[in-house]
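Questions regarding the structure given below will be posed in turn.
In this document, chain identifiers A, B, C, D and E correspond to the written order of the chains, with residue numbering beginning at 1 in each.
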């Protein structure tokens, strides 16, 4: 098991954003994390990656209790993440951003080696032509890819992806999904938060569904997608809705 | 009648040109969608309309008036409202204060209470969290707030950049339905949307932007069936 | 390099660009005499901006008056008939040390100053002294009263003022004189080099005489609220308060002491009371005693010089006041102004005694000087331990009183030989 | 501070170049040429003119360059604004002066002790106040400076408000006042060169990249693995040591030390001004800022036309520069002459 | 005991003025993210404003405050457009440089015109005695006015539309523009109000203590401290911060030499920051 959560809860004042989340994540898998807005998905990432300290429960990463670790300690241990609301280092270039990811990540490369890794990674996510542009001048979609590149450059064991597909159009999504798969194929374990159902269904080995901070379902994409609780809380009936809308617009 | 019209606009950032003579027009009471690949210039176009960046050439017309060189706030005051990419919330202010800020234009001030009710009905989560600092909300909650804030302005033309970004599927459906209602109430809208299929499904007219130029435009239904559009943007 | 005294007048004019030519009345140029005339340059920095601005301005005004007087007379006449005209070069030191050494180096090397005058405060003077020593320039200090400065092995620096250690000791004597039963003194003073030096010395002196120091408190230079100190004084119940620092804090202290109305019989403050502006305090000024470097009332005359067996040099006090008021729109001179004039006068006399502006000769003249002027007795310590320290001059003590018609007047109350009135004791 | 979105629109290329340096001239030191050349030119200039006043004027300028460059490590690279940086100058100066004036140590030994004291203070402070963000950190540094000044004011071994004075005879050990003054100048020149090289090495190192990341977004940097607390602390220490050493040198030359001039808050602000004026976060910026600001002040102070209102005129000129070259002179030059970027670090 | 009470009372009354002096600084800082280094010189201008109107024209100092306030508002707007507007979106801290230049200009001209000699507004409303304490009425008036202004400012920022605009523009200028808020006007207004507060504080201080053209500097320094204690941008916090400072300055000297006040005060200040990094009354910034 690369990651184990035991009864992790997180409160913000009176709000219980996570309650008693427990699961094990085997190495080499892609775990899809879905749930309605405000369900606590990002909070879970924050609690795993050391940005928040859980109010209760334990987080075990590669056999080590990391519940109270700082974010940079997690990075050194081999965890990398992207931010849902992007956080580029605006006044550094795209390449410098990625170099930093590599320098301070698990492998802690020197600048020279990190530069090489950065170039590879940028090529991989398709940002190579923008290497020398200031990160602040990218648009949101590009910034998302930069987040991804920075995380990858750290060569993590576990990669946490927070809505990296948001803002991409369907064909771009297809491309990104391929990227995610090939990262997994290199042996990196991935947890992926996503609202783009088709993609997350196709790429995940397992799905975990959160609602109001609690796990309401867990299993293969197929099982989860057919779970009535999940449909009610999260999916709705897409076909029905689409048809409804189309008829009305024509009328 | 075209209520908002963009004529041959070129613009960009610093020395980098992004838009190369783009024209489009929005008919009153209709829903127009604007689609295109990542980096095509959709956001740049909307920013140019609002005046956040100045057009280099060309002009923007609203209600038969050239508004190209009005400051952003004056356009908002006239009823041209943008829900910007990246949400741009007042992160240090509460949810309700954000909504009140949305109601800044004079035209919206009289109906703050009614509009609050309306958006709270659309997004019950916002009502639940009316006192929460908006910066601490989840990504999707922030998106709801951004859209709601736009509606609070009582716009004549409402432009939404990346409507469904980060929203759970069930909510996207609800939201599309709400927009439908707004349209029925006479609001003119422009949607920038990555979910091209859905966007074309609910809109009347569509523009496809590629590399800063309008590549194809036409009634949404036709676009949805267009071979090129299907292969390039719908992923089949 | 030393002073290039033999050069004709044209030489300093070359660096006129840096000189305040506007200060110089035009007619002095025209009055160029037939005999050999030289010009000597005196350099100094003044605090045109920053906290020391007021006192420094008085001093500079005094200096300018001296210069005008000398130049109007055609220059300083040497025994050999040569006339030496005076020219000033000055810069703003902004009341801080950053550039003092740079500016004094400029004065000594670029502006070819023959002599230097110190900046106003002791700290700045210490920094300037290093430069004066390096270039072998005589520097007369005014304002820089700290004794410490003169105990650091300097050889070119001469102090015009009574040093800090003797500022308040006379006030202790005065207290003893007016009330044999007074036992307790509170010292409340500005936390600066100068005031602390003054109070340390006065305190030792008082304790030596058997007084109890019931309170000794420093306050920060920018203090505007003396409430906490007054409360403490009230609590300590002293017979006398001594201390203060500079004009602003001193006058504020006096005002607030009066407002709080806590009743002390004897109140002596540094620096502020002798300033003419102190009278603006009205009632709050009455009874306040202050040490002064110079007062018109404590008149020194050629007669008193003869009586004391000293040489007399220069103008009378009244003449100084007249000249000053004429030049500065009726402004009454403070002792800083008199000090500035005196600094010039000391230099003038030393040059005449030396017969030239040669620095070594002038130094010798200064070493030997034992003189009475309108400013008082001038004599310098010539030992290696405290070279240049003023030993001749001493303070007079004034007290603000009301005359018969209720107007505020400044009376000299100590030493008794110079007193113009009885001490008002206890103060109201 | 400002939200990332605000800067997006206004983003201009002011501070890039690290990766350019790495890619194109790893191992070579093109960016160091200009800074070192300027310092060397300033160092030999007095010898060329043969004038003491040149030396003294350049002393003031060099002092500023060294202090501004030190501050730049914290302000420009790490993004932490220290308003009270003069505390290191003052404390170092005091410790060194005490050792020289009271304990009879030589300048050579006193200087490192001043640096050590300043570094130690920075280390302790780093543990305490570097957790504060933005304005609050800036304000805390003011607090530290004022507390230190007030403390020294009460600290009898250091002379309290009276301060300490160096016996003039001490200069004899260094060949008299004249020799001592020029010795001080050359020591300062060496120290300035040292800090400029350190500044460059930091700027182009992994450590420096971590600092830049902290400047841009500290939380994101931590997530990426930058150990922010220790990186910030070391940046702070590094930026404190040299001011500590220079404090000793300055007051040695000055001959006396008092609390007010040693801990003058306005001096701190001037340091910030010089860094900003030249261009924060660059190696060259503080050098240009120091030269520019101090020559301007020096010129106005002694110019017959302006010396009575020199402060106001300096303010007005500064304002004009700020308004029209807000990114600092180096940033402006870099934008103006992209070809020179590699040289303008 | 009496002694302690008197000291606390003195400190409290002084604290109100400190709080007012800090308010303009923390407003501009908290709201616009501009560290206004011309705050001190502007306080001095307020002092001189009241002084000139009173000594020159014989206007009652409290009436003069009204003119000084208007002058402050206009001055602030002018400073904003001349010095700040151009650089408000420029890199980090450019505004600090700009306001520093303004401070140099004001101080330089001020010293040239007024010299650094102390002035005094000789206007006393008398005093009354409370037990062993004698309290000048000027101070009570100043305290009352400070409270009034704080309350007014609080209501303005929290309850009025333009107050909300100010906070919104501060938070996200771009978004505010999109909502129809004329951000330049709002920023100019904020700066004007901050400056107005500084001049009014200066004017009130002038009725209590003598001052010079440099006197504002002390209050600027205290304002920095108060800003932290109270939380930047929060007027009520500034007032409370001022009161804390005032009381500390009153009480500490009763236990130890007054020269230790700043040591204790600033150490306490740093300690508070370490425990509450956003100030005593500041809300946590995201």
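Observations on the structure shown:
Note that a residue touches a chain if its C-beta (ideal position, glycine included) is under 8 Å from a C-beta of that chain, and two chains touch if they have at least 3 such contacts.
Computed from a prediction, not measured in an experiment: that's the story for all the values here.
Shared contact partners of chain A and chain E are B, D. Taking the mean Cα position of each chain as its centre, C sits at the greatest distance from chain A.
By number of C-beta pairs in contact, the leading pair of chains is D-E. Rounded to whole angstrom, the centroid-to-centroid distance between chain C and chain D, based on C-alpha atoms, equals 38 Å. One finds 49 Å separating the Cα centroids of chain B and chain D. The mean-CA centres of chain A and chain B are about 27 angstrom from one another, to the nearest whole unit. For this pair, chain A with chain D, the centres built from the Cα atoms lie 43 Å apart.
The set of chain C residues touching two or more other chains comprises 48-49, 191, 218, 220.
Residue positions of chain E with contacts to 2 or more other chains are 107-108, 111, 171-172, 174, 257, 259, 261-262, 285. Shown for chain B are the residues in touch with two or more other chains, namely 13, 52, 86, 88, 91, 136.
Contact residues on chain D toward chain A in their complex (touch as defined above): 4, 7-8, 11, 13-16, 18-20, 22-23, 26, 204-206, 209-210, 212-213, 215-217, 219-228.
Per the touch definition, chain D reaches chain E in the complex via residues 1-3, 5-6, 9-10, 14, 79, 81, 83, 128-129, 131-136, 138-140, 142-144, 146-147, 149-151, 153-154, 265, 269, 272-273, 276-277, 280, 308-316, 318-319, 322-323, 326-328, 331. Against chain E, the residues of chain B that register as touching in their complex are 50, 52, 71-74, 76-77, 81-82, 84, 88-93, 97, 100-102, 104-105, 133, 135-136, 149, 153.
Interface residues of chain D facing chain C in the complex, by the touch rule stated above, are 51-53, 55-57, 59-60, 150, 153, 160-163, 165-169, 171, 176-178, 181, 253-256, 258, 260-261, 264, 267, 298, 301-302, 304, 307-308, 310-311. If you check the complex, the residues on chain A that touch chain D are 49, 51, 70-72, 75-76, 80-81, 83, 86-93, 95-96, 99-101, 103-106, 108, 110-112, 114-115, 131-132, 134, 136-137, 150, 154.
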